[in-house]
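The next part holds the structures, each set out as structure tokens.
First chain A sits with chain B, and in the next complex the same chain sits with chain C.
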Partner chain A sequence: MARMKFLCDADRCIECNGCVTACKNANDVPWGVNRRRVITLNDGLPGEKSISVACMHCTDAPCAAVCPTDCFYTTTDGIVLHDKDLCIGCGYCFYACPFGAPQFPTTQAFGVRGKMDKCTFCAGGPDEPGSASEYQKYGANRIADGKLPACAEMCATKALLAGDGDLVADIYRNRMMSRDGRPQTWGWAKAYGAGA
Partner chain B sequence: MEKQSKQTTRSRKTLRRIAVMTLFVAVAAMVVPLSGYVYVAVAQETEQAQTQPWAETNPRSDVWRQARQSTEGRSVIQGPGANVVMTSSGETFRQIRMGPLSTYAPWYLALMIGAVALFFIISGGGEKLAAESGKRVPRWSKFDIALHWFVAILFLVLAITGLSLLFGRAVLIPLLGPEGFAAWALASKNIHNYGGAFFVVGVVLMIVAWTRYNIPNGTDVKWLLKGGAFGKHLPAGRMNGGEKAWFWVNVGAGIIVSVTGIMMINPQVFESRELFQLNLIVHAIVAILWLGASFGHMYMATLGAPGSMDAMTKGHVSSEWAKVHHDLWYDEVKDQEFRAEDETRSGDAGRQPSTGPA
Partner chain C sequence: MKFRSALLAVGALALTVGLSGCYESSDVTRFEPGEYKGADDPLLAKLEDPEFRAELDSRFDGQRDR
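After this line comes the complex of A and B, so read on.
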């Protein structure tokens, strides 16, 4: 079985936010909820880099560990999904997550959190694949259609890669081998001196 | 004779010389290898000086190092922590909540129940009071009684809902099933959030209304030190040392639980994730310690000191109870003493608890 992974190539990301838009469009994500976001480090300085972040579908997911109703589950593809029928909107998953992936619509009185929403790797949820209720709650199920997440497919510079971890790693390794610039191998400077 | 002694002196001299030489060699053998450290230190310094121009870091690694170290960047998406790629504090939060908190809290609560039960078995419950004469003294006003039960009922409701959210996954999902527990958990969350707001008001009113009765004094210290809590009847005023200690536990725990709770139900105002993680852990620990302490209070009010319950149900207590438990206070309020039959609700007031003949 494939182990699905995201990888963002920070050398290619141009902070166009196309992935964010593609995600919102594909999954009909409500106002105020962003399953994916782009963060620019050292913005405006030489060497600024952008990274696109969403749920990283952890193997030992902290959100699943702290959930009071145990609503998370991992698919055979290694995708972490959750059941909105069990979610109570307590917010603990958001506080446990290292990536700030879980999002909460605040449409109720007193700004009470609604049911959590997060990146599903475009794999829908526990409802019948392709059903109206699944689309309404979780958005598109592109995985069931044999497609990969909309964000990665839409990425103009192919900075954001999604899919089987082995294939993603191969693509990234090939890029690194042929990429211009100083070799980034650890110990290079020690062996050959700076600038070699 | 003389020759012999000369020889002895010489051989002694030789011996001494051998001893000194041996000592010198031994010390040198120990000290000389240590110079290696000096050599290494000097060599390292030289090497560091030489590698200075090479010490530049890998810019690609630097970006990911920044991401890993929660460096704040810029994002068009707004929200708490939206401009940070990774944070580690959530993992600490998870480890504490699912580790020590979930492990020791049930043991603590079980231990407190066990301690109360053991105390009841050993002491055989509260002391039997003298036969009641029907004379009674007023203790709490109707406002005090209402306030007490307002806070007490909310306390229990919040304890049940709060424990459901913390331990329901382990305890209640096997009983109710995932859907059944999710419905109960959602109700628990809402009851806990909205009930908590009223509870805060109750705690504040309690602090305002009852602090004046609970200023500690020397009598209370003696009461506590000499074992007043373990059935010995020592001089006590309106509130004894144990009751005052419980009051101040309520004040301390009440303030901590209220402040952390208010911050947690207003995530739009208190946005920081680190703050919420800390609040949730502190809130749970203090609330569970408080719940355990409350078992002692419940025991004292029911089985531990028979007749005490009247104070918070009827507002007055029997004179016998007052004389035994609060002798100094009884002397103060003796003149307010009345007969149970004088009370307008005589039928109610006349019914005495099982401590003696009515």
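After this line comes the complex of A and C, so read on.
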């Protein structure tokens, strides 16, 4: 069985924010919510690196561990999804997540957070795949259509890889063979364990 | 005497009615903590289909460098 993972190749990311735009466009993400973002380290200095960050779909997801309503579930492929009908917007998942993935729309009065929104690996939610309610709540379900997540599919330099962990690791290993330096599988140890 | 027994009857009735409000059904739904309680995702069944899996894998394989 496949184990879905994201990997951002920091040596290839050119900070074009195409992944962010593709995600927002494909999932109709509301204003104020960024399911994916590009972080630049040592911005403006020689050797700066950019990384595209979203929910990493952790093996032992801390968000799911702290959720008081247990609205998270993990597919057989390791994609961490949540049920917005159960979410109470408490924000515990936001505090628990090491990647800052859970987002909350802040358009309501009195600081009400609203239902949590995060990257779904373009796999929607527990509603009928392709239904209007699923799209409205979770965005596109590209996985059900046999497609990659929009961010990875749109990446011009193929810096952002998505898919089965073995395949992603194989692609990255082949790249590293023709490069100097050490592999930088940013976030993998935290998301998938020390041996990942 | 008659008044006292009537008073007792009314008191017993009030007690019965009052206590019935405190009744708690023992037939409760128990959930294990950490167990997902939402609706089932139809995608999970679809992911088990080998044909669909092959389609998905070939799409993922397209990320290789040319």
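FYI, the second predicted complex is superposed on the first by the 179 of 196 C-alpha atoms of A that agree within 3 Å, B and C clash if a C-alpha of one lies under 4 Å from a C-alpha of the other, contacts with A are read in each partner's own complex, and residues count from 1 in each chain.
Going forward, a residue touches a chain if its C-beta (ideal position, glycine included) is under 8 Å from a C-beta of that chain, and two chains touch if they have at least 3 such contacts.
All values reported here derive from a predicted model rather than from experimental measurement.
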First (chain B), second (chain C), both or neither touched by A:120: neither
Partner chain(s) touched by A:65 [first = chain B, second = chain C, both, neither]: both
Which superposed partner A:27 touches (first chain B, second chain C, both, neither): neither
First, second, both or neither for A:10, with chain B first and chain C second: first
Between chain B and chain C, more extensive residue contact with chain A: B
Partner chain(s) touched by A:86 [first = chain B, second = chain C, both, neither]: both
Contacts of A:174 with chain B and chain C, given as first, second, both or neither: second
Contacts of A:128 with chain B and chain C, given as first, second, both or neither: second
First (chain B), second (chain C), both or neither touched by A:2: second
Which of chain B and chain C A:77 touches, first, second, both or neither: second
Chain A positions touched by chain B in one structure and by chain C in the second: 65, 69-71, 83, 85-86
Chain A contact footprint on chain C (complex, rising order): 31, 33-44, 46-48, 52-53, 55-57, 59-65
Interfacial residue positions of chain A with respect to chain C in the complex: 2, 64-65, 69-73, 75-77, 81, 83, 85-86, 123-129, 141, 143-144, 146-148, 152, 158, 161-164, 167-168, 171, 174-175
List of chain B residues in touch with chain A within their complex: 51, 53-54, 56, 58-64, 66-67, 71, 73-77, 79-88, 90-91, 93-94, 97-98, 165-166, 168-169, 173, 178-179, 181-182, 185-186, 189-190, 193, 266-268, 273, 276-277, 280
Residue ranges of chain A in contact with chain B within the complex: 10-11, 17, 20, 34, 37-43, 47, 49, 51, 53, 62, 65-71, 83, 85-92, 94-100, 103, 106, 111-113, 182, 184, 189-190, 193-194
